[in-house]
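Each in structure tokens, the structures are laid out below.
Next, two complexes with chain A in common: one pairs it with chain B, the other with chain C.
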Partner chain A sequence: MNATRFLFHTRSLRLPLLCVAGLRNKSLSSGPIPLHQFLSSDHCTRRCLCSKPVFRRDPSQSEESQNKPDKTLISYDNLFERAALDSKNKATFSHVLDVFKNKDIRRRGHVEFIYAALKKMPEFGVEQDLAIYNKLLDVFPKEVFIPRNFIQRMFNHYPRQQECGVQILEQMENYGVLPNVETKVLLIQIFGKKSHPIRKYQRLMYWFPRFKHVNPYPVPRELPQDPVDLARFSLHRIAADLNAKVTVYQMPSSDHNEDGNLVCQPYIVGIQSPDQREVLAKHRPNRPVFVEGPFPLWLKRTCVYYYVLRADPLPPEEKVEEPVDPERNFFYPLELELDYDRDLGDDEDFDVDEVEEGPVYAMCMTDSGDRDTLAKWISGLQETNPILGCTPTVFRLDSGPSEVQSCTVSDHPEIEDVLQGQKMAQ
Partner chain B sequence: MMAMVISGVTRACARMHFRARALTVQVLGLQSLRGFRTQSPSLAFAKDIFLGKINKAEAFPYPEISNEELEEIGQLVAPVEKFFMEDVDSRKIDLEATIPPKTMSGLKELGLFGIQIPEEYGGLGLSNTMYARLGEITSMDGSIAVTLAAHQAIGLKGILIAGNDEQKSRYLPKLASGEHIAAFCLTEPGSGSDAASIQSRATLSEDKKYFVLNGSKIWISNGGFADIFTVFARTEVVDTDGKKMDKITAFIVERAFGGVTSGKPEDKLGIRGSNTSEVHFENTRVPVENVIGEVGGGFKVAMNILNSGRFSMGSASAGMIKRLIEMTAEYAGTRKQFGKKLGEFGLIQEKFATMAQQAFVMESMAYLTAGMMDRPGMPDCSVEAAMVKVFSSEGAWMCVSEALQILGGLGYMKDYPYERYLRDSRILLIFEGTNEILRMYIALTGIQYAGKILAGKIKEMKKGNLSVFMEIFREKLQNSLSKKIDLGLSGPDGVVHPSLTDSAKKLEENVFYFGKTVDGLLYRFGKSIIDEQLVLKRIADVLIHIYAMTAVLSRASRSITIGLRDHDHEVLLANTFCAQAYFQNNYRLVQLEKNSPENHDASIKKIAQQILERRTYVCSHPLDRTF
Partner chain C sequence: MFCVKNARLHPRTIWHFTSYGVLPIRCYRRPGVPPDNTPPWKKIDFNFSKGVQGIKKHFGLLKKEMFERFEGPQGRPMREIMLEQTRVVWEFRNQESLEQWVVSSDEEMGGKSKIYLRLSRNNQTALLYGNMCTEVPKDGETRYSGYCTLRSKQLLGAFNVKTHHDWSNFNTLYLRIRGDGRPWMMNIATETYFQHQKNDMYNYFLYTRGGPYWQDVKIPFSKFFLTSRGRIQDDQHPLWLDKINTLGFTLGDKADGPFHLEIDCIGVCNDRAHTEEFAYEKYKKNP
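Moving on, here comes the complex of A and B:
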């Protein structure tokens, strides 16, 4: 957006020759910094030049002035809406583009048309389609806007068209669509090699590939559709332990019972790692374990909920440090009998105040967060963790998202219920 | 000057003769007397190195055996060598993955199953030095060497060093004759070096007359046909304050006790003729008399067996390399390329020099260590033995690889024995404690010793005691001004021959700065040095090379002074090795300094962590694109 705003200013202010030339050099010389420099230098030039209010255009004015082309936008909107009567998809959208392209060899009103098309793209579900963007760029007449002499090159040639071109790229940027060579060829054909859209394209090509893998924990573009698969994926993601194993305790199913009512069996998918099992085995049965949740997990635009089985941290007085058994390693000592420790100069750890949290023993996902379902999970866990059979389990459940919809009990967000594990196991 | 040195050496030789005579008397009693020592062992030689000193008396002069012993070993070696040359078909053993019964009975007749068993029990009753000498020959076939070692270096060693007289007289005669074969059962599916994960269990019967043993052991050498097993299992022990605890106990288990089954022999990369299999014990009834040592004392038994069994690998590897040198030299002297013999090419010559040097060093270390172990008073040479094992196993692997390289494609062919040597020698780096684990043992044992002695000084420094600092500063200043390090190896009271003075000086310098480095490391890391494995590895490497330098200097000095044949070649080898080891040690010591640019440990750890986090090679493919 910043880049576009900058374009507005340069266009409206008619920057003096020297300044523009300076900016161009800067923008050519290096990638990431110029955008910043653009803005700051732009600010100062604007300040010196604001004695020419005729050309000034602040945000509020720009909205007003957009009203005029909006009339035409509406007419082009109609074009899309008519097409949308059939169905809103890529085919109809590109059909509209074809219709416009072939209607008039001069492509009259193409800027307005492109703005209208950009607005409609999400509706037709083509906002992430590179081919459509290229097709949209193709709407511009070729070679008309390329500056032919140094004066044109120096000033902002066909600013409205250039800005429109930049807008297309801007929208691509916002939807994370990476331009390709075709885009570049089109832009050069339309605006020439040193135009603003080409600059924008270059900036995109500079940053996009660099940021493509910036997320070390990428979420796939297409999430699994099956809720069990989605739960499996999400649980692996939260567990972050390659040893952790997912168990499907219950598959989703719906059946009619004797009365003919539809009975839905929720899915229960849980995850537990061997380390967690080990820690749980050392849990003292006199202290309760808690089932807590639901906690949200966002995967792009999808939100899923999970539950955890955890315990409170041991109070310091109950902790016992297990001494290293001197008869443990057949080959070398595991501990040195020296009474001095690491020197301060070699202690490279940061001084961090650590807050101890209780251990998390397992996690699960289900589509109904009621106590009965979660109790089934716990009894499923008991098969591999027999200690749960003699440990009191406390359910501390917030009203989950599904319960908000059905809206039955929301007066007490926390339902505390102590259940003896043995009873549950029945 | 020369005369003085020589007279010094003759004096020393006289002392040696006396010692050797004492030794022959001792040999019998030696084994039975060898006790347990796990806590702070009284190290023979290595301990002083950590303090920057050399205990000359331990390593100089080079140990000798008496003429009678020499004659005896000569009489023993000749038939064994003849047997291995004529009656052992290593290729067949390797192909069929079994040692033919005829060969086995031949080995038994030669008495090779009871080399170290005292004569009163029907063994040969040989000293460690003579055992090492025989190891040179038996290493002609890897499978046989491992079978023999599994039998007597670890299998029956428990009875030998910790068994009572009753157990000895009951089991040793048959083991010595080879009528019974022994195996050592420690490793379990879930337990390599970790005693805590041993699952096998022995429960005392109600009448307290026998233990009921249950459990599975894996990768047991000789497991398929052994009759006597040294088995380690958990037993319940009541400690002094009445608490019940699980402790490891060692048992002698006969196959005849029942409930002992062996799995099928494992198919291995090398030493294919040796038998390796699983051994299962199911309700095996072991009489209480068959407990080795005391109930709950199995850990120490295991440690002592493992520590005592390693030194012979040096002579065995050296023996193997010496034979490889003969075979490849024959090839290099006959094969011609571009009108030149292979041996005329510098790159081939380099390989021969490397092999000779390695064999020389291994031999020197092995016999120095064996000699130390044979001394009266039973010095604990476990660190030295571990150093010999690490050095010789790695050297053997490298030399076999170099030999193969000399032979080119020929070495790769199954028609020739070289590829078998390569496969066989790979196990040396793994068994009897992997080299990584032994490096930890070498470094930590020394660090523990030095750490206790230096504790007072380091604590004073940490308190900020000015006078201690002044002392250290003065010492440093003195060192930097005078720059003379003299630990007494050469010079008027020296033990090293003058022609090796330069090398001795290098050794002294290494030892001196090693002591300083250990001092600094202890100050820096304290007891947390146990977590700095890369530091410990370097400490172990420096120490191994210091010990190797000492061994070659001692041996070469002796050779010159008594005028052994070709001692000039020994001097050449010793000086070359010392010069190389000196530079390598210096580099390692520099790496051990704080903030040294030569040290990449942090980066190395980071690389490994990132890989292990994802359990895969991390980088993108070089052909990948982002746009």
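Moving on, here comes the complex of A and C:
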């Protein structure tokens, strides 16, 4: 009896020694331990996000410090950082998710892991990827959180997990990702039919399709990469006239001149519609035309700048009302002189004076907004609008309403540079 | 005799009557800012001349309100009110018209967006401009940031009595704006009865095209959906037009950078071709 007890005693003693020897072996091996071993070390307690530190032994420490329990801060963010050492893309992110899923069937600490993953998604560039969100939902253990009786249904069963599910869907909502059938099936398997995440999913699926096509001026998801194409698209957008024609006056190029210096030529893309050309032809040559800019135009998250060629409005004494040609339209008279005006009940105009603004003759977009480039644009326009040859052009650059002014507004000094058309033509 | 000192910093305390006592309803308090425990009598500014001015102004308004009834409701002839198809509610022709509007941004929460409102160069339009920054303030509570708003002030009558806009003859909101391509959101806040409805707002999107041309925008009131504190609600109902408190514009499109919006006029009109009562379903969505 005593012998067996002694045997048991030594056997029980041997086990921790073996453990320590095992750790020693691990610690003596050089280099960082692979990810799956890192996760599977069984002396880790619950890990949390950076906000709540957890103390555990770092196995890569030296042998002497094994005897004193060492305290280092480890968090789930560290997993993603270690994965990010290779490259930050969808494959590494899903690898981290797979590693976590395969480590433990009970998925201990999955809520904190999912919150950390949601935070790291923009870094890995996967925040718009629906497959990754479905994979992240897959991390939840299935059928555990479904309430099984009326008491569980009453009392917000597993509130932390439900809140976590709602946060995943909220991140999808923020980035504009619409869930699909797989998401719905996963949510029902995990939380049941009447849970908060399913309600959130139902709200997404109700409101998102209603607001998808509400924009009367939609911007395509992928904007053209080529700057000339982007300029073409944005000029068509602001021209507000389907007859407007885009002309590329200069393509972007960078050449080396004789001295070996890099000379970059910015692109110049302009737009003008036939109506604008008509109005410009009637412009009086003694009044100057202004080149104003740069004005910002936002397309989703990118901002492009455009310049405008316009003139000041004529003072009221010089305005000439041209008689409307009755032969323009044979189907109905363009002007009617009646004895009675429209009654108040039929008057659909607003009782507001129209804002007096000069006509806009043309728009352009270019890379660099200096006077030389814009002068090249004017000379290009001159080919189709010969009146620009004898009209003084004034450059009012940096005078758009885009600048942010914290103190009282003062008009920026106009950069007046009167370029005679004849000099340009030479 | 009494003027409230700087009403923006010390909002009027609203008392919430519950079964367990009377509690003050506090407005948003920025995390890290100590609670404002000044007693209410300290907030009143006892200044004689200002008090006299106030009395004159309010009695003048009261007199005007009493005598304008003889001409018609709200001082306008009955024929106009019954027959009008369009009404210009706000136009920006002088500096006083800007006094009716309030700008705010996420600087109140600790963010870094800036917004300013001024009359544009030709004194005929209002220019709303600023810089949007989506950097989240580091107070541990806030998760999203980056918004700028322009909101009209509540209409006040004699002795600061709340009055409302009555747009029940109309069904479309008309705006003449010139934006820079950014999507804005319009908010209409109506007069409510219960304290739970305090943050109720009816919203709709306002998409700008950008460019040098003016943009005429017509939004029917049937398209406005109900939200509360930025969350769209499940039980939707159409916007009631008889007691409208404020109209607002919000920019929150998560793009960092400068923005501008020029507003020429805001009006309401009666679009006879628009027969839709409400654009969304009214049935109970969580059975």
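The working rule: the second predicted complex is superposed on the first by the 314 of 426 C-alpha atoms of A that agree within 3 Å, B and C clash if a C-alpha of one lies under 4 Å from a C-alpha of the other, contacts with A are read in each partner's own complex, and residues count from 1 in each chain.
Keep this in mind: contacts are C-beta pairs under 8 Å (C-beta built on N, C-alpha and C of every residue); 3 or more make two chains touch, one makes a residue touch a chain.
On a predicted model such as this, the values are computed, not experimentally measured, just so you know.
S.K.: Please indicate which partner A:M205 is in contact with in the superposed arrangement: first for chain B, second for chain C, both, or neither.
M.R.: First partner only, chain B.
S.K.: Could you look at A:E335 and tell me whether it touches chain B, chain C, both or neither (first, second, both, neither)?
M.R.: first
S.K.: Who does A:E356 touch here: chain B (first), chain C (second), both, or neither?
M.R.: The answer is second: A:E356 touches chain C but not chain B.
S.K.: Quick one: is A:D346 in contact with chain B, with chain C, with both, or with neither? Answer first, second, both or neither.
M.R.: A:D346: touches chain B and chain C.
S.K.: As a test of reading the superposition: which chain, chain B or chain C, is in touch with more residues of chain A?
M.R.: Greater contact footprint in residues on chain A: C.
S.K.: So, does A:F233 touch the first partner chain B, the second partner chain C, both, or neither?
M.R.: A:F233 contacts neither chain B nor chain C.
S.K.: Looking at the overlay, what does A:F155 touch: chain B (first), chain C (second), both, or neither?
M.R.: In the superposition, A:F155 touches no partner, neither chain B nor chain C.
S.K.: Mind sorting out which residues of chain A both chain B and chain C touch, each in its own complex?
M.R.: Common to the two interfaces on chain A: residues 210, 343, 345-346.
S.K.: Can you list the residues on chain A that touch chain C in the complex?
M.R.: Those residues of chain A that touch chain C are 174, 199, 202-203, 206-207, 210-211, 214-217, 219, 234, 237-240, 295-301, 303, 306, 308, 310, 343-353, 355-357, 360, 363, 401-406, 409, 411.
S.K.: So in the complex, which bits of chain A are touching chain B?
M.R.: Spelled out, the residues of chain A in touch with chain B are 178, 180, 205, 208-210, 212-213, 242, 325, 327-343, 345-346.
S.K.: Okay, in this complex, where on chain C does chain A touch?
M.R.: Residues 79-80, 83-86, 88, 91, 114, 116, 118, 120-122, 124-125, 127, 129-131, 144, 174, 176, 180-183, 205, 207-214, 232, 234, 254-255, 257-260, 262, 264-265, 267, 269, 280, 285-286 of chain C touch chain A in their complex.
S.K.: Within the complex, which stretch of chain B touches chain A?
M.R.: Touch residues, chain B against chain A: 186, 193-196, 247-248, 299-300, 302-303, 306, 433, 437-438, 440-441, 444-445, 447-448, 451-452, 455, 458-459, 462, 522-530, 594, 614-615, 626-627.
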